[in-house]
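The next part holds the structures, each set out as structure tokens.
What follows is subunit A paired twice: with subunit B in the first complex and subunit C in the second.
Take a look at the complex of A and B:
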């Protein structure tokens, strides 16, 4: 029951995020959605994943979004209304599909129609991260480097000739 | 020591970005050129001393095993060749040292991503390296911050993000079923519960994500904008290898290593392949924009790869992989030629061009070789791979698809000949009297790629038996 309520609140938060007119409110809505996902992860006994979700998605990414929004020129009130009306007219069916899919999936009797894998032994997260997923850590370093070059390249001022 | 193929470039990037920038900017080009050349040589000669041995001290810190089969070698070779070509033309198109330096860094990062995709044995690691390739591609498309390029990059980001969400969802479902993310564990779990709806859903979602990454119909919307608006070296990279590795190679690897060829999968692949061939060919016919026409041509040719692969037979898979390599070469060559023309003329509108072969003989001649190979004219490389695909379709009783593949080749010849006539033959366009041949980087890259196209065609028996035929082993796994 509690899980269903949390999931419904999460969907409402996500819908508000994409439908709100203000970019800043959308960033806050994303933080709120991530915070609710954190609660779900705690309830699913994944405290470390929840902590990562809270610190990175709710905290760091929201800070990055708010900083980027502060660098952009805001739309006028008239432009904002025109964009949001147009958007509602074009994409009204998407939230309807999401909500209907959620209702259909929860009402349907999905069976675990496969052989469950043997229960894995409890592994220390540090062991998994540093010894078993080294290649993924390496990949993360490379993605961060790519992001750094992206910022350097795309935010570089053009030289005056 | 295959891990050196991704560790050495990373070490190089870190060293290149130390202080002493002036020296490092000059060294960056030669470092990248050596990296790609070494990758080409290792992939061609595949000496067991490199591919089989491990570095003991490294293994203590970096315990990873990689896939090393003939499919990996062919794709690593394609990555090396196309990246080197892109690097060579960057020297001509990017005159600002800082801009070229940043491009080279991003090119090396993209090649790390692509090499990683080709070598990993784990579905989550595959996703991580796909993201490396995607992130570096977004930045490269928007590199020069032109308005249209930013729009193209934005479309690519959105569709790529949708593809990523689909793949991650599929990976989560596969992990639920298998308990792990390695190819072997997932394959075992799928074999045990092959009729599970959860597994079928995961397969379907994963394949949709890969169709988006590969730019296949009906998910091809981002391809013409991204290819045509990106800077010249980036168009070569995108069209030549990025979509092939991140979409098509991954599809081939995942299907042969994890999912297998069920009736449903072969039907979907045949339909998507045919749709891509026809939509791409018909859309290319009506184009005036040189690069946009080549983008639609790419969609069509990638459809041949999927069509061959969709037969599910050894011959079909061999034809698909061979066409993947050939397409990487001749499509890169066509994009290099279009970039050379655009740089000299300042326009991509083919209706304003004409008679350029007199002023740009190398570009014109290599363009003829590329278009003949694309259309499947003997004895060039493209002919052999298309013939193998058509024979595979016929032998697997897919007669209608074989006929469509042959007829679409005629369409391909039609629009490419039309391009050649408009751009290179006939009377010289107005105002182009003073144009000259493209700079050295363009000429070297185009002559090298044209030589490969001719060489692979003429020496087909050797190439086929040494490099292509051993790939059939991937179906035995």
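Take a look at the complex of A and C:
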């Protein structure tokens, strides 16, 4: 019951993120969605992933979004009015589609006939991460380095000639 | 998996599909580059939640957490780089409208 309430709030937060006019409010809505997903992760016995989600997705990514929004120019009043009219026309389908898909999926009563793997002996996540998924860690280091070099290249200052 | 767990798993999946639809619709309909990033982020959140739910249902929660941590790191790097690209586009075209990117040269 509590899970269902949390999941409904999550979908409402995601809808608000997409439907809101202001980009800043959209970024805050995204952070709210992340925070709700964190609660779900805690409830599903995934504390380490939840902490990562909370600190990185709710914190860092929101900071990146807000910085990017503040570095770009806001629309003029006339542009805002024009965009608002168009937005209403393009976005009113979304809540209808989401609610309809939810109703259809819950009414369909899906019965998939597949065998799930046997329940594994509960391992510590640190053990899995450091001993079983070493290639993932290597990949993470490579991706972080690629990201750092990418950002440095994108924001490189031009030399004064 | 007993009947109760299976039903709970299906309930989670319905909401995950709804989250996925919201992200996909946002990417398809919007003309603002920042909103494309927000849609991408919502899609990633749906996948993150799906990994955790499947890990919980199958008893491989430690493995699912390890995969989610990797996913979150990739997500951050993708967002940081694409935010940089969005800023570069804004410097060139003075707008975040995707319709201004149709005239690519080269």
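Side notes on the structure shown:
What we mean here is this: the second predicted complex is superposed on the first by the 150 of 161 C-alpha atoms of A that agree within 3 Å, B and C clash if a C-alpha of one lies under 4 Å from a C-alpha of the other, contacts with A are read in each partner's own complex, and residues count from 1 in each chain.
Here, contacts are C-beta pairs under 8 Å (C-beta built on N, C-alpha and C of every residue); 3 or more make two chains touch, one makes a residue touch a chain.
This is a predicted model, so every value here is computed, not measured.
Judged by the number of subunit A residues each one touches, C leads among subunit B and subunit C.
Once chain A of one complex is fitted onto chain A of the other, the partner contacts of A:5 are absent, as it touches neither subunit B nor subunit C. When the two complexes are overlaid on their common chain A, residue A:143 makes contact with subunit B and with subunit C alike.
Contacts of A:134 after superposition: subunit B is touched, whereas subunit C is not reached. With both structures placed on the common chain, the touch criterion links A:154 to subunit B and to subunit C. Of the two partner chains placed around the shared chain by superposition, subunit C is the only one that A:23 touches, whereas subunit B remains out of contact.
When the two complexes are laid over each other on chain A, subunit A has residues 110, 117-118, 120, 133, 136, 139-140, 143, 146-147, 150, 154 in contact with both subunit B and subunit C. On the subunit C side of its complex with subunit A, the touching residues are 1, 8, 10-15, 17-19, 21-23, 25-26, 29, 32, 34-35, 37-39, 41-42, 45, 48-49, 52-53, 55-70, 72-77, 79-81, 83-88, 90, 94, 96.
By the touch criterion given at the top, residues 110-115, 117-118, 120, 131, 133-136, 138-143, 145-147, 149-150, 152-154, 156, 158-159 of subunit A touch subunit B in their complex. By the touch rule above, subunit A contacts subunit C in their complex via residues 3-4, 7-8, 10-11, 14-15, 17-18, 23, 26-27, 30, 33-34, 37, 40-41, 44-46, 48-49, 52-53, 56-57, 60-61, 64-65, 67-69, 71-73, 90-91, 93-94, 97-98, 101-102, 105-106, 110, 116-120, 122-125, 127-129, 132-133, 136, 139-140, 143-144, 146-147, 150-151, 154-155. Residues of subunit B that touch subunit A in their complex: 6, 10, 13, 61-64, 96, 98, 102, 105-106, 109, 112-113, 116, 120, 122, 124-125, 128-129, 131-132, 135-136, 138-139, 142-143, 145, 177-180, 185, 189, 192-193, 195-199.
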